[in-house]
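Multiple structures follow.
Each of the next two complexes has chain A plus one other chain: chain B in the first, chain C in the second.
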Partner chain A sequence: MSTLAPPVVKGTRSANSGGRSGSLGWLVLPALLFFVTFGVVPLFGVLFLSFTQWDGIGDIHPDGLNAWRSVLGDPQLLHSLGVTFLIMILSWLVQTPASLLLGTFLAGHQRYRGFLAVLYFIPLLLSSAAIAITWKALLDPNFGLGAGLGLSFLQQDWLGKDTLAVGVVVFIVSWQFIPFHSLIYQGGVRQIPRSIYEAAEIDGAGRLRQFFSITLPQLKYTIITSSTLMVVGSLTFFDLIFVLTAGGPGDATRVLALDMYKRGFMANLMGPASAIAVILVLVGLGIALLLRRLGGTDQTDSMLEGA
Partner chain B sequence: MAVTTPPAPTRPSRPSSVGKGTSTTAKLLRLNWFGGIAGWIWLVIGMLPIYWIVISSFKSQSNFFATNPLLPPDEWTLDSYRLVIESDFIRYFGNSVVVTVGAIVPAVLISFMAAFAIVRGGNGWFLRLSNSLFLMGLAIPLQAVIIPVYLIIIRLRLYDTLTAMILPSIAFAIPLSVLVLSNFIRDVPRELFESMRLDGCSEWGTMWRLAFPLTRPALVTVTIYNALGVWNNFLLPLILTQNPDRRTLPLALWTFQGQYGVNVPAVLASVVLTTLPILVFYAVGRRQLLSGLTAGFGK
Partner chain C sequence: MDPRTTSRRSFLTFAAGLPVAGATLAACGSSGPTSTSSSAAAGGGSAAAGSGATYWTLTGQPQEDIRKATVARFNAANASTQITQTLFQNDAYKQKIKTALGAGQGPTILWGWGGGGLKSWVDAGQVDDLTSWFGENADVKDKLFPAAFGAATVNGKIYAMPAETVTPIVLFYNKKVFEKVGVQPPQSWGDILDLVPKFNAAKIAPFSLGGQSRWTNMMWLEFLFDRIGGPEVFQAVFDGEKDAWSNPAAIQALTEMQKLIKANGFIKGFSSITADSNADQALLYTGKAAMMVHGAWTYGGMKGSGGDFVTGGNLGYMNFPGVDGGKGDPSDSVGNPAQYLSISSKATDAEKETAKKFFKTAVLDAEEQKAWIGAGNIPIVQGADSLIGAGEDADWLKFQYSIASGAKSFAQSWDQALSPTAAEVLLDNIAKLFQLSISPEQFATNLNATIGQ
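And now, the complex of A and B:
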C-alpha cells in the first residue's frame, strides 16, 4: 500500500539490491550502538526490572514475582486498562469518521482547500504540554470558552468530574491528531485512480454512492494504517494527560502510561512500574499485530509510536 | 502525496453527461456541501484555540479577567512576554536548541551511514539482522522503556545533564530515519554507483559524494520529523533532569504553569514563544514538514 510521503517513493526494487562489497558492515555500527544501548537493552531491561525491587536510587535487589503479584492483584491495573481502552476506542470513534471526511475534502485541489490545509495542520506543531496547558485554561468555566461564547452548558467543571474529564481527553486528543490523520487520508484519496470514479459516474452512481462504494473500499489499507497509528499511539498519551489532569479527578484518567509513571517515579516502586511497562509493550504489540492481520499486508512501518 | 501533483481535480466534480442529470447533480452538491461544511467547522474548531492563545497573551492580567475571553484586548501589552523572557526563558530555549541540534545532526548522519550500508552492503547476516532490529524498533514506545533508560543514564553518571536527553533521543530517531533513508537510497539508479566505481571512487567516497546529495530530500524530511519530536519531547527532561537550569521548553512550560497559575496571559505567552520557532519553520518549509510528519507511513 502506498499512502503518501513523497520521499518514500515505492521504487524500482531492482535498482541496486546487491551492492558488491560486504565490508560496509562497520557503517552500521554507530547507529546500532546507540539503538541497542537505548532501545534493545532497555526492552529486555524492563522485563528484568519487573522481577526486582528498586526504589530508583539505591541498589537493585532480585524480588522474584512480587512485583507482578502486587500489580496483578491490584484493582488499579484493571481500572487503568479500562480507562486506556475506553480512551482508545472513543478517540478512534471520533477521529476516524472526522479524518476521513476532512481528508476526502482536502484531497480536492481547489486553491482555498490548500489554504485551509495550511491552517488545519498548525495543531500538529504544538507540543502536548502546550496543548494541555492551553485547553486547561480554555476550559475554565469562568474565564474560558464558555464564558466567551456566553453558553452556559459550556461553563462546566470540565476537568473536575470523572466522565467529563474522560470526554475532554478524547476531545483534545482528537483536536490534536485529526489533522494528522486527515493528512494520511488526503494522500490515500489522491491515489485512487480517477478512472474508477469516471466509470462509476457513467453507470450513474451518485456521489454518496461513490464514496461508500469506491472511496471507502479503496482506502482499506489507509484506514488500517491510520487506525494502527491511532490505537497504538493512544497507549502513549502520557504528557497530554499528565499536564492536563495528572490522572484525575481521582483516578478517572489514570491510563496505563500514567499508572507506570506514578508507581515508578512518584511512589518509587520501580519493580511494579516495570511490570506495567511490560504490559504496555505487550498490549501495543498485540494490537498492532491484530490490525496487521486484518490488513493482511506487511506494515511494519505503520506501528510507529509517537513518543 | 500532496507535493508535486498537478492541480487536476482528483474526483470529477462535473455531473455525468449521460442522463440522470438533475438527481445526480443534486447529490453531488449535497455531498460537496457536506464536506465543505465539515471543512469550515473544523477550521473554527482548530483555529479558535490558537486565536485565543494569541490574543490572550497580549492582555494584561487584570484585563484578561475583565474582558470577554474571545475579544481582542482593550490595550495590547507585551508585559506577559517580558515576564516570560525574564524568567529564564532564554536559557530553556538554548537548552532546547542544544538538545535538538545535538541529537538530530548525529542521528541523521549515523542513520544515513547505516541506511547506505544496508542498501549497498550485500546480503550478509549482520546487515540483515541490523535492519530487522531497526524495523522492530519502530514498535518500541519510549515510555515503555523509560525506566531502564533512566537506570542506564544514572549508571553512566549523566543524570541531570543535557547529554542525558540527547543520547536516548538519538537512539529513538534512528529506526524511522533508517527506514526512510534506505528506501530512498534504494531508488538511486544502479548505473550511477557503477560509474563512480569505474572512476575509482571508494564506497566511502561514493556515499558522501553521490548518495548523500541525491538523498537530500529524504534527509530534510527525517531531519524535520525528528527535530519536531525532540523539540516537543516532555518525558525525557521530566525523568532525566532535576535542576531547573537543565529544563527544555516543554518542561519549562509545565513549570511556568505551576508557577504563574493564575497569570494566564503569561502562561499563554510562554506557549506562543515555545511554538514560534516551529511556526517559522512551518512557514518556510511547509511541504517538507508535512511530508516529514507522514514519513514512513507510505511505502
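And now, the complex of A and C:
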C-alpha cells in the first residue's frame, strides 16, 4: 500500500495535466488504514456476530436470524430508540440556541471575554464519568445540594422520576457540550467580514436585526456542522448515562447504546447486542446523510462572496 | 457581537460560576465506594506435575489472608501434595474462570458462588459429582450447616463443598429513631405497614433503600416470596417450571411490595441511590431512615462510618418478620449461604485426591473458623458459636449464627441462583416494579418468558 512514494507522485503530477486532486490521493492512506482497521473491520465483525449465538466467553454458534428476530420483536428496542431520539432532540434544542448566543458573545473583543471564555470551557475539560459522579452527588435528594443548602425546590427526586431524569440527562449533556459548540460558533462568527456589519449599520440596522439578518444566515454551515456533531454524538451517549442513572429509573433513560451494553455484557447475549450495534450504525449514518442533504450540496463552498 | 445589556453580562457571569461551585461542593460530598481489593497474583495457571493441586480463589481482605493461611497450613502438613493457590480480583475471576474452563486450563479446585454459576459448570461437564464422597465422609458433611448444601446441589447431586462463611440478609433498625417516634420494632408484615405512616408523620423515612443497584430491591422480594408462599415458590422458578412466576403467592408478594412503595415506605429518591456508595447505610445511621433490609456485610461499614452508631448500641437487627397467613417459616433466611469449592473433572486422579484431602483436613479447620470469627463472620460450621468470645461484636455474631443455624431454608440470592441472562431480565423488571411502571401480573408475564434460559 505504501508504494506511492512522494517523488513518484510528483512525477505523475507533472506528467498528468488534470490530476491535481488525484495525485494527492496518498494523503488519505494513514487515515484510511486506521479507519479500515478500527472502523470497518470491527463493523463486519459485529455484523457477523449478529447472526450468531455467543455468551461472550464460550464457542460462537451460527444462529441464523434469531438474534435479529428477538431484538426487532422486543418492545424495548422501540422504547430505547424513542428515548435516544428524545434526548437527541431535546439536547439539540437546548444546546443550539445557547451555544449560538454564547459563541456570538465570545466572538467580540471586549473586556472580560477572554476570562469568561476560560470559565465556560471548564466543563469541557472534565471526563463524562467525573461529571456524572459529580452531578449525581449534587442531585442526591438526601445528601445533595438541595439538602445541604436547605432549599426544598432543589430537593426533588431528580434521578428517580421518569421525566425529571430525562430532563437532568439533557441538562447535564448540554452543560457538558455547550462550551464545545460555543467554540465552533465563536470561530464561525469571527469569520464573518466586518464590512457586512458596517454596511448594515450604515443602512440603519439595529443589533437584533444584524444578528438575524447577517450573523445567523452567515452561520448556516456552522450550524449544520455543530448540529451533526450534536445529533450523531448523542447516539453514542453511554458513559454519562451509565454512571448517572444506569438507564433508570426503570428504563426511562435507557438509550440504545446502554441497551446494547446491557444485553451484551450483563445478560451475556452478544448476538442481539450486535444486532443493536448494527442498528445504531445505520441510524447514525442515516441521520448524518440527512443533515448533509439539509445543508444543500454545495457545502464545501464558502458563504463569503469574494473571500 | 456586543452584549445587549449589562444585566445579561452579569447573568452570564453567574451562569459561568455555577458549574465551578458545583464541582467544588461535590468534591467535599459523599465518599465514594472504597475498594480494598489488591491486584491479582500473577501466574500459577496449569497444575504442576505430580500429585499437587491448583486452587483459584479471590483477593480482598480480610478473606484473602484467611484463604492463604488455610492453604499454608495444608502445605506445611503435606509436603508431598502441595497446593498452589492463585488469587484473583472478584470481577476478573468471573471472566478468567470461564475462559480457562473453556480452554481446558482450569485449576483443580474451583472457588465459586454455587447456584446458577455452578449449574453452568455442571452442564458443561467441568466439575465432579461429590455426592458419594460426602456419603463416605459423613463427618465432613455433618460438620457444616445443612442449609449451605442447597446452592451446592444440582439435579439432586452435590457438586461443591460449601466453605467459608454465611452472610444472611437481615432487617436493621435505628433504635434511637424508634425511641423518638415511640414505636416498637415490627413483629409482622402488618406491623411494617402500620409503622410506615407513623414514621412518615415524623418526617423520617420508614426504610432506606439503594434502589438503583436493583439487587437491593430484589432482597425484599426474596423475603416476601418466602414468607408468603414458602421457599418452593422460587424453587419452582429455579427448576424451570412453566409459568412459575404466576403462582398466586408470587402475585400476592409482588402486590404487597407495591403496596409498601405506594405508601411511601421507602426513602424519597430511593431509585437513584446506589448501594456501592453506601448512601443507604448512611441514611440509617444518620437517622434519616428508621429501618433497612440489607446484607450482614453492611454491619462493618456502619460500624466504621457511623461514628458511635454501632458501638453505642443504637443499631438493632432482626430477621425479616413473617406475613400473617403466609406459608413460609419466619426462621427462613436469604443471602449468601456459603462460598463453594468444586473439583475439576479434568484434573488427574492424584490432583483430585489432593483436593479431597484438602477439603477433609484443611477447609474450615479450627484455625480457619477462629480467623473467620475474628473477622466478624460466621463460618458455616455447626457449633461455631462456641468460638464467639465476649468481644464488642459478640451479640451480632451470635445473632448471625442463630439465623444461619436456625433457618430451615437459606435461599441463595436470586441473581446468583439464575443464569446471567435470566438474572438481567429479573433485575430489570424488579426496577420497573419498584418504579410502579409495571403491575405484578406484567412482572410475572415478563419473567415467565425467561424460564429455562
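In the analysis below, the second predicted complex is superposed on the first by the 252 of 307 C-alpha atoms of A that agree within 3 Å, B and C clash if a C-alpha of one lies under 4 Å from a C-alpha of the other, contacts with A are read in each partner's own complex, and residues count from 1 in each chain.
Just so it is clear, contacts are C-beta pairs under 8 Å (C-beta built on N, C-alpha and C of every residue); 3 or more make two chains touch, one makes a residue touch a chain.
Note that the coordinates shown come from a computational prediction; the quantities given were computed from them, not determined experimentally.
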item	value
Touching partner for A:L27 - first (chain B), second (chain C), both, neither	first
Which of chain B and chain C A:P249 touches, first, second, both or neither	second
Partner chain(s) touched by A:L119 [first = chain B, second = chain C, both, neither]	both
A:L93 touches, of chain B and chain C: first, second, both or neither?	neither
Which of chain B and chain C A:F143 touches, first, second, both or neither	both
Partner chain in contact with A:T104 - chain B first, chain C second, else both or neither	both
Partner with the higher number of touched chain A residues, chain C or chain B	B
Partner chain(s) touched by A:W158 [first = chain B, second = chain C, both, neither]	second
Touching partner for A:L72 - first (chain B), second (chain C), both, neither	neither
First, second, both or neither for A:L280, with chain B first and chain C second	first
Shared chain A surface residues [contacts with chain B and with chain C]	102, 104-105, 107-108, 116, 119-120, 122-123, 126, 133-138, 143-145, 148, 175, 189, 207, 210-211
Contact set on chain A toward chain C in their complex	55, 57-59, 102, 104-105, 107-108, 110, 112, 116, 119-120, 122-123, 126, 133-145, 148, 157-160, 162, 165, 175, 189, 207, 210-211, 215, 245-246, 248-252, 262-263, 266-269
Residues on chain C engaged by chain A in the complex (per definition of touch)	1-4, 9, 12-13, 16-17, 19-20, 22-23, 25-27, 29-30, 32, 95, 98-99, 102, 211-212, 267-273, 279, 282-283, 288, 420-421, 423-425, 428, 431-432, 435, 437
